[in-house]
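Shared between the two complexes below is chain A, which has chain B as its partner in the first and chain C in the second.
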Partner chain A sequence: MKNYNKFASYLYVLPAFLLVFFLLLIPMFQNIYYSFFQWDGISQPIFNGLNNYIQLFKDSNFLTSFLNTILWVVFTLLFPVFGGLLIAVFLRGIKFSDFFKSIFYIPITISFVATGIIWNYMYSRQIGVLNTILGLFGVDKISWLTSVPLNTFSLLITWTWQQLGVNMVLFLMGLTSIPVEQTEAASIEGANRWQVFIYVTFPMLRPITTVVIAMATANSFKVFDLIYVMTRGGPYRSSETLAVTMFRESFTMSNMGYGASISVVLSIIVVAISVIYLRSMLKKDLLYY
Partner chain B sequence: MKRKWILVTAMMLALTILISLVLAGCTTAATTTTAAAAETTEAKATTTAAAAETTEAKATEGVVLSLLHDKGGNPNFQPYFEEMGKKTEELFGIKIEPVPYPTTDVFIATVRAALPTTDAPDLFTWWSTYRMKELIDQGLLAPTTELWDKHKDEYSEGLRNAFTFDGEAYGYSYTQEYWPVWYNKDVFAQYNLEEPKNWAEFINVCDTLLKNGVTPMAQTVQARWPTLIMFEQFVIGEDPQLYVDLCEGRVKYSDPKVKAAFELWASLIDKGYFTDPGIDYFVDAPNMFNNGEVGMILAGTWYYESVFTAVGVPDEKIGAFILPSQKDSAGKNIVLEMSPICVSANSKNLEATLKVVDYFMGPEGNEIFARLNRSYPSNMKSATDFLPDIKVKISDTVKNENYNILNRYWEATPTPICEEAVDKFAEFMANPDRLDQVLVDLDVIADKYWSANK
Partner chain C sequence: MGVIRKTIIYIFLILLILAWLLPIFSIVQAAIKSPAEFNSTSFFQFPTRIAIVENFKMAIKQWKLHEFFLNSLIYSITGGVITIIAASMAGFSLIRLKPKFNFPLFLIIYSGTLFPFQMYLIPLYRIFNQIGLYDTKTGMILVYSALCIPFSLFVYRGFYTTIPKEIEDAALIDGCNSFQLYLRIFLPQSIAPTAVVALFQMSWIWNDLLFGMVLTRTDNARPVMVSLASMSGVSGGIIPYIMAGVIFTSLPTIILFILLRRYFISGMVLSMAGE
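== the complex of A and B ==
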């Protein structure tokens, strides 16, 4: 009976495993394989050893893209994550909080492509609402998406606008799971609101904070659609991140092998950061609890 | 409990990473059909045989041909291609199913991945010369030489040359467009300006507009490719042969004459002859043109229908002239953009495909799309009575004044060079003081290609 149950468990997992195996794992290993080849996608691949990886470190576009990616990660942690936490804390218990939650959550229901198009119009040099408003105060027209490095910050503002809501919801979930007794006990002991937040609420948010930071970091590493729609990584490749550079090299330049090597490097970075981060959080949790 | 949270987080992360890898990985899966590529030499031989065997109409009846195109962003093209399909269904019982792609990058990636496989589209829009050559080199296109021979008297030799490689012709041209300067007639009238006949007159037009608060010309770095517009114009204006040699790797970008063209461009940017390069060429520029903020826009003749009409610029406001060369010795030149439709070597319906291509190459067939889109048919014997007066004027000028016709940079130079060069042009437009470094970078890009491909 026990063996039968074990067998049945594997059968339940099998469909999902097959999907992951054929649609994710095989392409993933193929991708790693092709990263050692010079290949335009239609001719015979030529074995290139580690040259694609060596070339990465000589490529100034890759360096720009790498630095932009780091900027995206840092900015994401500072604004969409920290901002989401602040909004969640401030919205808790205020009047009309449901209304404000909905307002902050609406952007995440819009697709990245639609968001990109909407913000493209808002940032438009000629007809954009931002320049129109600034114009009322005598400010000259600004090229939000084509001035370097302003274009990257313009993209990051759009990203924050969209991501704030989802982080807020996750933090709200975490806040509602905190037992009221503990915060009340701290208040009775004489802690003010700030002290309650720092010494009671925030530490108890650690599990959800771990999830939010890990997801936000991974998402910011692989951000592609928003940049592609709004600037295509330009002008002159100034706003590319690693995901955009990977796409561009693979599909625009037809350097499939080189593009594959970028995706491998990107994945190694994300995995390394995630493992280090999760391990340290795990250790802290063991110490804490 | 906490460990569970971390476990869930780790699983979500792993899934996210895998998804990011798939973007690059999935394309590799589609291209393992190397056998299909090897079979293309066979396909070449069968193509000509198939073309000859099209007498049996019944054999092709009921066939549905796929036509992949990258014009999904233009709402007109899909119904126009559907109209072409209706005509072939009516004549031969062969349907055409157009499949639009909204972005060029995705379209190119899809076509390139599909061509070596048995799922290759029967027909697909593409670009001429070097953009076509890379597919021909891999044996992915079926030759249409017999059809070009059949319609020999209906096409110019120059056009056929842009479709011919090593003696074989490929695809056909469903339309073609010139690249003139569009100007706002009202603005010109307001400042008593006339169409410039030479460079000095053009500079006078620009100075007058500038003096009156109108930006003379539009330019942009958005969408990447439009950065080549002024580059090719100024190099051609220096010396058309220099342009051809540069595109084909016989001249370096650091050549003094090429540098002179860039320096001229830089000086005009410096004088304020151009808009900020942050504007959008297809939304902002036509609106600025309509409002009288910009006097002139250099663009293909498709701009008239696809952009001006779409944005609502009234016909009576639109004038056009051909930009004079800055050097008299360069003569009269104009850029031509051809629009090929190619036939896949791995098409499952080669016989039916060549039958419809034969029809579309003829005077009647070539006219269908051109009439709907009010563009120039490539077949010289097709009717042109549907063309707006302004387009008739441009083509008449080209013919009557013996203009030298040059291929657009996008097609005239190898794709790997062009794709990187357009970003370098953008860098120059935003920072003209970086010219020397841009020229060095362009030489590196071109040398890398030509050293491996000459």
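== the complex of A and C ==
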């Protein structure tokens, strides 16, 4: 075995390392540093200790945003994730399942911005498609995006429309990897469909379920584009989540130090969730797929 | 029992499919109608004349979409190519040349996937303003490449562990140096990981809104999604033009997805493992 030039082996890594080091790692530490300052982005930053973080818990806008974020997480687990599992189970062994699958795929190929604009039209009070259709049944015009708390739920319906396909695909992958003998054996022993699902299928899906839940949770903490395009976080900051509040405080209201502290809180949560599923990854559960 | 159960499932699925198709149907219909016809007819009336080409033209003319389209095309292609070269070289070295500290080096670069983007925005905004990269194409390409490299490195590194050692040994007997080994043996075999990176990272760059809003200001550097987002203001705007704009700006990612759909599943598995 020939020894390659030791120095050269580092040269190959250098471009990737430099880009990540200067554009991601250093900014990340700077951001933590800024979170201890009061700073408008222009004048000299003033050291502020932990005051930004203390302020967060007194700020009703932040608390609304935090509550909305939790709502996003819970709803994401209920609809795009559990719904995705349900549809994956239904699609197994059904005719035209490839056709059904491809329909749920469509929204994956378009951006959050495009999705937001499409649904702005769907939800529009005067000319919107939903109000037009509901009007046929005599339903009064609904303010989907401007009445609180309906606006957050309207956003979540759009989110489900876009995200369900991804989770469905992942669960289908998990389901096809379960050996047929297992479920057949359970049926022969007299288990009904429901029992087979609860006692055989679901436990075998557990590794993939863990990962899907962790990924969906982390993603729902990061949502920005959809909310920004559809409601700008409004009206009166009622539909903001942490990512939107961070952007608004930093770049609309020029509270950069305060914005930095929100992003640190958001990061702590996201990293904590990621660690949970990185640990399950380390157990090599996923190697079965 | 079986028949009833099947019927219920079919009805449920068909209703859901209709709900999923409704937005798609709505934008296509709105993009086909001329603004005059869109305002005078209801949702349930089909268009009498296909005006989609005029709507495309107006969307491009009024919002200069083609300029932003070109900007994002440059970002996706250049950013994608830089990512592919930098990540495949690094992956090759970490797996096959095994420098000292290869695993810590991997972890350092890979940690770039762990944090939400909000963590980088304020410092990047400040640094870019100080060194003159704010509102430039160069700055955007650098940021997009840096953001794409960590996940891409994970993909290439994982793939290179599967290339059999014998191929490498044969190349060594032929007297290859390490760069020839990378260029002639490893890179040509990297079709699958490169497809995954192209599909996921290039379409991510295309779809980005956040960094475009924070790091650019003028038409010279604005990416397409920022201009698309500005089309739908509070005032509403002219729906047929907006929907034509949505279709126009979504074409690249839809085409990319259709071309590389074989790699979608493997990419999803990797991004679950690699996020």
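Note that the second predicted complex is superposed on the first by the 251 of 289 C-alpha atoms of A that agree within 3 Å, B and C clash if a C-alpha of one lies under 4 Å from a C-alpha of the other, contacts with A are read in each partner's own complex, and residues count from 1 in each chain.
Note that a contact is a pair of C-beta atoms (placed from the backbone, for glycine too) under 8 Å apart; a residue touches a chain by one contact, two chains touch by 3 or more.
Here the structure is a predicted model, which is why all the values come from computation and not from measurement.
Visitor: Of the two partner chains, chain B (first) and chain C (second), which one does A:169 touch, if any: first, second, both, or neither?
Guide: After superposition on chain A, A:169 lies in contact with chain C alone.
Visitor: Given the touch rule stated above, what does A:143 touch, chain B (first), chain C (second), both, or neither?
Guide: first
Visitor: If we overlay the two complexes on their shared chain A, which of chain B and chain C does A:125 touch? Say first, second, both or neither.
Guide: first
Visitor: Using the superposition on chain A described above, determine whether A:263 touches chain B (first), chain C (second), both, or neither.
Guide: both
Visitor: In the overlaid three-chain picture, which partner chain does A:236 touch, first (chain B) or second (chain C), both, or neither?
Guide: It touches chain B, and chain C stays clear.
Visitor: Counting only touches as set out at the top, which of chain B and chain C does A:178 meet: first, second, both, neither?
Guide: Touch partners of A:178: none, neither chain B nor chain C.
Visitor: Of the two partner chains, chain B (first) and chain C (second), which one does A:70 touch, if any: first, second, both, or neither?
Guide: Neither chain B nor chain C is touched by A:70.
Visitor: Output check: A:117 vs chain B and chain C. Expected answer is one of first, second, both, neither. What do you get?
Guide: Only chain C is touched by A:117; chain B is not.
Visitor: One more residue to check, A:211. First (chain B), second (chain C), both or neither?
Guide: both
Visitor: Tell me which partner touches more residues of chain A in the superposed arrangement, chain B or chain C.
Guide: Answer, by number of touched residues of chain A: C.
Visitor: Touching chain B in one complex and chain C in the other: list those residues of chain A.
Guide: Residues common to the chain A contacts of chain C and of chain B are 20, 23-28, 30-31, 34, 41, 124, 127, 211, 215, 218, 221-222, 224, 243, 246-247, 250-251, 256, 259-260, 262-264, 266-267, 270-271, 274, 281, 289, listed in rising order.
Visitor: Any idea which chain C residues touch chain A in the complex?
Guide: Residue positions touching the partner: 6, 9-10, 12-13, 16-17, 20-24, 26-27, 30, 42-44, 85-87, 89-90, 92-94, 97-100, 105, 108-109, 111-112, 114-127, 142-143, 145-147, 149-150, 153, 172, 177-179, 182, 206-207, 209-210, 213-214, 225, 228-229, 231-232, 236, 239, 242-243, 246, 249-250, 253-254, 257, 264-265, 268-269, 272-273, 275.
Visitor: Would you pull the chain A residues touching chain B in the complex into a rising list?
Guide: That would be residues 20, 23-28, 30-31, 33-34, 40-44, 124-127, 141, 143-148, 206-208, 210-211, 214-215, 218-219, 221-222, 224, 232, 234-237, 243, 246-247, 250-254, 256, 259-260, 262-264, 266-267, 270-271, 274, 278, 281-282, 285, 289 of chain A.
Visitor: Mind pulling up the chain B residues that touch chain A in the complex?
Guide: Residues 1-3, 5-6, 8-10, 12-13, 16-29, 31, 34, 37, 105-106, 108-109, 112-113, 115-116, 134-135, 137-138, 140, 221-224, 276-280, 283-284, 287-288, 415-416, 419-420, 423-424, 426-427, 429-430 of chain B touch chain A in their complex.
Visitor: Across the complex, what residues on chain A touch chain C?
Guide: For chain A paired with chain C, touching residues are 1-2, 4-6, 8-10, 12-13, 15-17, 19-28, 30-31, 34, 41, 87, 90-91, 94, 100, 103-104, 106-114, 116-122, 124, 127, 129, 132-133, 161, 166, 169-170, 173, 211-212, 215, 218, 221-222, 224-225, 228-229, 242-243, 246-247, 250-251, 256, 259-260, 262-264, 266-267, 270-271, 274, 281, 286, 289.
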